[in-house]
Every structure is written in structure tokens, then in C-alpha cells.
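So, here come the structures, one by one.
Here subunit A shows up in two complexes: once beside subunit B, once beside subunit C.
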Partner chain A sequence: MKNNGMSIIVRTVTRFVYGLIILFGFYVIMHGHLSPGGGFQGGAVVASAFALLLVAFGSTGLKGRLNLHWLQTMEEVGALSFLALAFLGIGTAFFYNLFANSGGFLFGASVPTGSNAGVFAAGGLVPLMNWAVGLKVMTGIAAIVIIMLVGSRKEETE
Partner chain B sequence: MTALTLHAPVLLIALPLLGAFATPLIGKLGKGARNTFVGLIVLAVAGLASLLAVSVFGAGGVPTVYELGGGTFTFPLSGGQVPIRILFEVDGMSAFMGLITALIALTSAFFSFSYWRERSGGDLYFSLFLLLTAGIFGMVMTGDMFNFFVFLEITSIAAASLVGFRVWRKQSQEAGFKVMAMYTLSGLFVLLAIGLLYGQYGHLNIAALANSLQGSLTDMIALGLLLTGLAMKAGAVPMHMWAPDAYGEAPAPMSAILVANSQASLYGLFRILFTLYGVTVSTGTMGWILIVLALLTIFVGVTMALIQSDLKRLVAFGAVSQIGYMLLGVGVGLAVMATKPEYGLVAMQGGIFHMLNDAACVGLLFFASGAVIRAAGTRDLNQMGGLGHQMKWTSIFFAIGAVALAGVPPFNGFASKFLIYEASFKLSPFLAVIAVLSSIMLLAVFVKAFQAAFLGPRSNASAHVSDPSPGMMVPMAALVLVIIVFGLFPGFFVDHIVTPAAKALWLGRDAYINAVLGG
Partner chain C sequence: MRKVALFVAFLFVGAFLLLGVADMRPFGEPQIADMDDYYIANTQREVAVNNVVTAVVFDYRGFDTLGEATVLFAAVVGILALFRKPREDER
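Now for the complex of A and B:
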């Protein structure tokens, strides 16, 4: 049973909550331009669900579900898409917000002045960058957790 | 072309950053594709740095401002407006540091292609290398204090990983950990200082901060923290204990870029002393603090190099001592800044010119010692000997790098060190005596190393060695060319690139502020 997860209570609770944690993480990323949080924080929340799964089921119980190679590739894709979004506005300046106030298409709505509840479809490149950062952080932290788990397991067996 | 020049400051950071993240993906296609990609990135970066230098020096070193996400404001701002966006501000000194970084990045990347060919983990190696390059460019281009800290941390993380890259060596792991701890400490010092300044004035932009700086007690505390943190990261004695380990344990081409990283920290220190604080502090006192640090660094670095028997560590201590010469030149310039006599600018020219010369010489020495250690299979000078029979070119390159670094004419080290001797003699003969004496001792160090490694009879161990492959010879030859050209025509380079850089620091505080805030 060693390294093969925790008790049935922990595993059952994990089954209930890990989906909710991931959902909450995606919510934080998605509303990053309106509410506290953003790509990094939401990504960390999603990664904490991965960490919870690893702790509860052990690395053997998750075999094949979280592929380190795949996680690392997705992390690079996240970073590259962030840079690509930053490069989009290079016609004016690096990081120029090309889509802001462009009218409807891709978060292009303009925001009324004065106090309001927040316009979800506004922000231009910012929400897209939040998604890029979120992808990088969730996969990056998950990869770090897996690598540390593998490293500590090796030490135990040696 | 003009658009490229306009965007050069940000492209210098964005391209290596893009390369750093794309390298592991392209590495899946094979080593050839990856090396081509990394080579193209560093070539593009070198081209952009040259383009930027030509444009900045062509305009007489006038600072240019680049606004991230810009489009709304034009610089300089009119009266009363405050910059809130992230700015890059490039003056003569930034462009000069960009040239140094580009030179070292270009040569170390091409040296690495051959040096790391048989080793695994190349994707990670080049990824970290490009990340470090991006961080160094960011440090020298930025016009924003917090951004400076961010880039400082990027270089710290990448540098610590590169120092500990050879995880199969226990010494590398220890050196990597030490570097990580020291760099984090220095980063926290800098962050605390930035916090103090931001809390007082509400600005993070260097020009706006310099404009409103009062010289209060809090400012002095922040200055002390910045001085300590950045001198620590530059490897000035008595905060140098990480430097020999780091330079000694990193893969040879990465030691060269680590020296460029230390120089970027020195640049930050100079930028803060001259541009951010300038006349709001007693420049005489600050200048003498730099001079004392410089003398300690020169003397301790050289004397420690004398007793080393590990070739890489010996060169590393030599590199530490050279940081002292840059501090000495600029320290003398700062000490006399209030009265601005002629020799102050000469001292600045010497200190700043020596940054470029040191990068070329130390880079060459690290490359050559890497090739020697690879061929001989040992780092211990006592077990080498007679390598010069088979490694003719490497021994010639090593000798040129060594005498140039020790300040022997007609090489470039003489040109910059002579300016430093001359100017520091005017301030106090004692400074020049220490500087000259240490240079002579450095020559002794390298005579010892050269004799131990290359001279002597052929032995069994040295019979089967050979010069490294052309892939490693060409970058070394390129640095030799730089050393010789700078040594033969120092006047041209001092007039056209060093003097604008020195003037940007020594006289350019108002121009730097006005480029953002308007006159």
C-alpha cells in the first residue's frame, strides 16, 4: 500500500471536490480581468486539484492520467501564446492592446464610464493573456509537483 | 529599418524569451533544428543590439524611450504628466551594455553548440541560456525600477540553474545552491529598497523617481540596500564568495555569460548611483565607498587566484578581480563628480571600456580553459602539462586572453587599464599603485597557469589531446579578433562608443529625466 494513496475517506472526498476545484480555478482565470485573481491565481488553484489527486491516489493510482511530457509541452504552449499575444500589437508597440474597444469581437466591447457591474466581453487582449498564463501555471505547477513526487519516491526506495 | 530600430529595445528581450520557451518544443525535432533555431535567435539579437547601438551612438547618446503597450502618449511628456506604464529607456550606457551582452551571447551560444554536442539536456541548457540573455538585456534596457527587479530575478533563476546544471557533480549542486541563496538575498535587498522608494514617492519609473528624490534618511537606507544587493550580485569583495564557485562550476560557455550577468548588476549599480541618486547624495562619499570596494575586490581576487590549482577556479578569481577595476574607474569618476575635473571623465571611460574588454578577455579565457579541461580530462593544474604541443591554437588563444586581461600592451586590457591608472593616480597615487601591482600579480597568476597547463615535456596524458573542433575554435578566434582590434585602435572605440556611454552616466542625469518628463 505504500505510496499508493491515502485512506478511503480521503479518496472519496477527493472524488467529490476535485472537479469543483478545477471549475473554480477556471472561473478565477475567466474573470481575471474583472475580479480579484487572474491567470496565475486560477492556474495555481487548478494545479492544487492535481496535487490533491496525486496525494489522495498516489502516483501509481494516477498512472497515465497526468503525463509529464504532455504537461511540459502545454506549459511551453502557454508561454508562447502569451508572447504571441504580446507580439500581436507590435505594429504600434509591444503589448499594445489590439482588441480593446474594437467592438464586440473577442472581448472588444467598450466599458461605460461610471460605476457598473463590469463588462465581461471587454478587456481586449487581457482575458486572452489570462488564459495563456493560466495554462502555463496550471501545467507548470502540476509538472513541478509530479517531479518532486518522483524525486522523493526515489530517495525512499534507495 | 527605422521600425526595427524603434522596436529594438523590446525585441532584444522578447526574442530570447520567445526562444527560451520555444527551444524545448523545437528540440523535439532534433539537435540540428534546435541549434539552428538558437543560432538564428542569437544572430538576430546581435544584429538588433548593433542596430540599436548605431542609432543611439549616431544620435550622440540621446536617450530614447519605448513604451510597452504604447500608442497614447508621446515622449517626452508635457508638464505635470506622470509616466505610469512600463518604459524602456535606452541611452549610451544601455546601448553599450547591449553590445557587451550580444557579443558574449553570440560567442557562447556558438561555442556551446560544439561544447555540449555529446551531452544530454541540451534543450534545457539552451532554454536557460536564452532566458538568462533575455534577463540581462532587460536589466540594461529598462527604465523602471520594479521591472529591473523582475529581470534581476529572471537572471538569478536562470543563472542558478545553469551553475548547478551538471547535477552529477556534487560541487555543482553546492555551487548552484549557494548562487541561488546569494542571488535571492540580493534580490530581496533590491526589492525592499524599491518598496521604500515607492512608498515615499509613488513612482517606479527611474526618471520620475530621480526627478522627485529628496535625499531623505529613507532614501539613504534604500541606497544602502541597493548598493549592497547589487554589489553582492556583481561579486564585489567581501560579498564575492559565490562568484568563484559559480564561474568555476558552470559549463565553460555559461561562465562567460555569468560574467556578463555580473556586469549587468554593475550597470544597475551605476545607473542607480549616477542617474537615480546623482547629486542628491554626497557623490564624494559614495565614490570613496566604491573605491574601497574596488581595491578590496582587485587585491583579494588576485591574491586568491595566485593560490588556486584548479584551472577554472583560477580564471574565476581573475574574473572577480576585474570587477574591481570597473568599480575603481567608475568610483573615481563618482568621487570627483561634484567638481567635474577632466580626469573624472577619463576614469569613467576607463572603467566602462574595461567592462567590454573584460567580457572579451574573460570570455576567451573561460572558453579556452573549458577546451583544455575537456581535452585533459582534469581541472587540476598539477596533473596537466605539455598540452601546448598538441593544442597549439588553444594555447595561443589562452596566452592572448591572459596577457590582455593582465593589461599588457598592445592588447585591449592595456587600453582601458591605462585610463584607470592615469585617472586614479590623479586622485591618489596609492590607488594606482594597488591597481598596477595587482595587474602584475595577475600576470604572474596566468604565467603560472600557462606554464603548468601548456608547457613542459610531452607526457602520456598529453599525447592524445588535440585542439577542439572548429565549432569551438571560431568563437575563440572571434574574441581574439575583438581583443586585438580593440587593442590596436582603442582611440576609435573610446571616442565612438565608450565616451557616449561614460557621458550618459557622468553628465546625462538631466537628459535621462527630460527624455521622459520633458524639460
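Now for the complex of A and C:
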């Protein structure tokens, strides 16, 4: 059995937990405007699940699941959507929060001042920017990990 | 000789650090807190976000976050340029 992954224990545990890690990462991104965390942190958590898959199953583990070109495209989509969201409020200022307290359906609700549990549908551009940056970070770090693993493997065989 | 010089340098740096510790303000009482007070007082009203850190990162200091995203982009592009497979005619 030609396989450069790790032992069957690691692979079995990885099969159990990698979905939960991805789910937790998306939770951190989604609630970035309410709880600690945000786009950067949640994206790093999701990317760590991809890194775990790579370590446990070896370079063949992600073949057919994650495409490097797709990852790079999604990273640029995240970066450009972050820039576009920043340019939305250019009428007032760069990075002006256009949707906050607007009352619209897109995160436009207001938050009562003082201690409270937070309102999910509030924050204006902040949750949307969280998603953009989260997409960028998760695909970017996953691309870095995959590129470095494939590159080092190639040098071993040469 | 080399060890003595290292030890003297160690003593100097340590003395400076200890002097700095003696001059430190007590925990939780910064000298200038105008910006912090403004964020804490106005974030919920202006940005409608409970997480003040996220409000600072994505709203008040959004330009800084753009720079961080650019750093990540540059890292990905640099690593791709370093590790990419060379084409046949470049070998």
C-alpha cells in the first residue's frame, strides 16, 4: 500500500473531526460581529481543517476534493468583494459603513446600547466583510499549504 | 572574552528593561484613553455591532485590514511563484 499519509488512528480521527472543524470555522466567521473572532480567525480555522486532511491522508488525500485553481480563484473573489464592499460607501468615505442602522434587510438593524446579547441582523457591512475576508483567508491559506506540500514532494522525487 | 561581553550586554539590556518596568503605569490605567472611550461609547450606536474589536478592524480601521489582506495575497502569490512547476521549455 503506497501511501504517504499517517497511521489509521490519525486518519479515522481526522475523518470524524474535520467536518466539525470546518463547521466551527464557519460559525466563527458568521458570528464575527457578535462574539470573539471574525473573518481572519474563522478562515484560519477552516484552513486548518484542510491542513489536517493533508497531513493525515498525504498529498493524495485532497486530490479531487480541492482544486488549486479553484482555491486561487476563490481567494481573488474574496479579495475583490472585500474591496467592492469598501468602495460601496465611497460617496461618504472609503470604508464607510453604508448599511449600518439603515433599517434595510441586509444587516440593517440597530443594536440597543449597553450590555446585551447582540442582534444578528445588525452591523451593516461588517458581517459581509467578515464573509469576504473569511473566504479569502480560508482559500488563501489552504492554497499555501497545498502548494508547499506539492512543491516539497516534487523536490523529493527529483 | 566573548562570554564576558555577552554578559555585560545582557546586564545592560536587563537593567534597561527593569527600569522600564519600574516606570510602567498600573494595569488598566492607560495614559491616553480617548480613542478607547470613544470606541466603547459609540460602537453600538454607529456601527450597530456588539463586538468592538470587529468594529475597529472592519469599520474604523478598515484600511488597515485592506493592508493585511494584501499581505496575505502577496504571501500566496510569492509562494506560488516559488513552488510552481516549471514548464518544459524552462528547465
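Everything that follows uses one rule, which is that the second predicted complex is superposed on the first by the 154 of 158 C-alpha atoms of A that agree within 3 Å, B and C clash if a C-alpha of one lies under 4 Å from a C-alpha of the other, contacts with A are read in each partner's own complex, and residues count from 1 in each chain.
Just so we're on the same page, a contact is a pair of C-beta atoms (placed from the backbone, for glycine too) under 8 Å apart; a residue touches a chain by one contact, two chains touch by 3 or more.
The shown structure was predicted, so the numbers you read here are calculated from the model rather than taken from an experiment.
S.K.: According to the stated criteria, A:N101 is in contact with first (subunit B), second (subunit C), both, or neither; which is it?
M.R.: Second partner only, subunit C.
S.K.: Once the structures are superposed on A, label A:I90 by its partner contacts, choosing first (subunit B), second (subunit C), both or neither.
M.R.: first
S.K.: Go through the superposed model and pick first if A:T73 touches only subunit B, second if only subunit C, both, or neither.
M.R.: Touch status of A:T73: first partner only.
S.K.: Which holds for A:V17: it touches subunit B only (first), subunit C only (second), both, or neither?
M.R.: neither
S.K.: Thinking of the overlay built on chain A, is A:V137 touched by subunit B (first), by subunit C (second), by both, or by neither?
M.R.: Only subunit C; A:V137 stays clear of subunit B.
S.K.: Determine, for the superposed model, which of the two partners subunit B and subunit C contacts more residues of subunit A.
M.R.: C
S.K.: Which subunit A residues are contacted by subunit C in one complex and by subunit B in the other?
M.R.: 72, 79, 83, 86, 94-95, 97
S.K.: Which of the residues in subunit A end up touching subunit B in this complex?
M.R.: 72-73, 76-77, 79-80, 83, 86-87, 89-90, 92-97
S.K.: Write out the stretch or stretches of subunit C touching subunit A in their complex.
M.R.: Subunit C residues touching subunit A: 44-51, 53-55, 57-59, 62-63, 65-66, 68-69, 72-73, 75-76, 79-80, 82-85.
S.K.: Please name which positions on subunit B make contact with subunit A in the complex.
M.R.: 7, 10-11, 14, 17-18, 21-22, 24-25, 66-71
S.K.: Quick check: in the complex, which residue numbers of subunit A touch subunit C?
M.R.: Subunit A residues touching subunit C: 32-36, 38-40, 72, 75, 79, 82-83, 86, 94-95, 97, 100-101, 107, 109-114, 116-119, 122-126, 129-130, 133, 136-137, 140-141, 143-144, 147-148, 150-152, 154.
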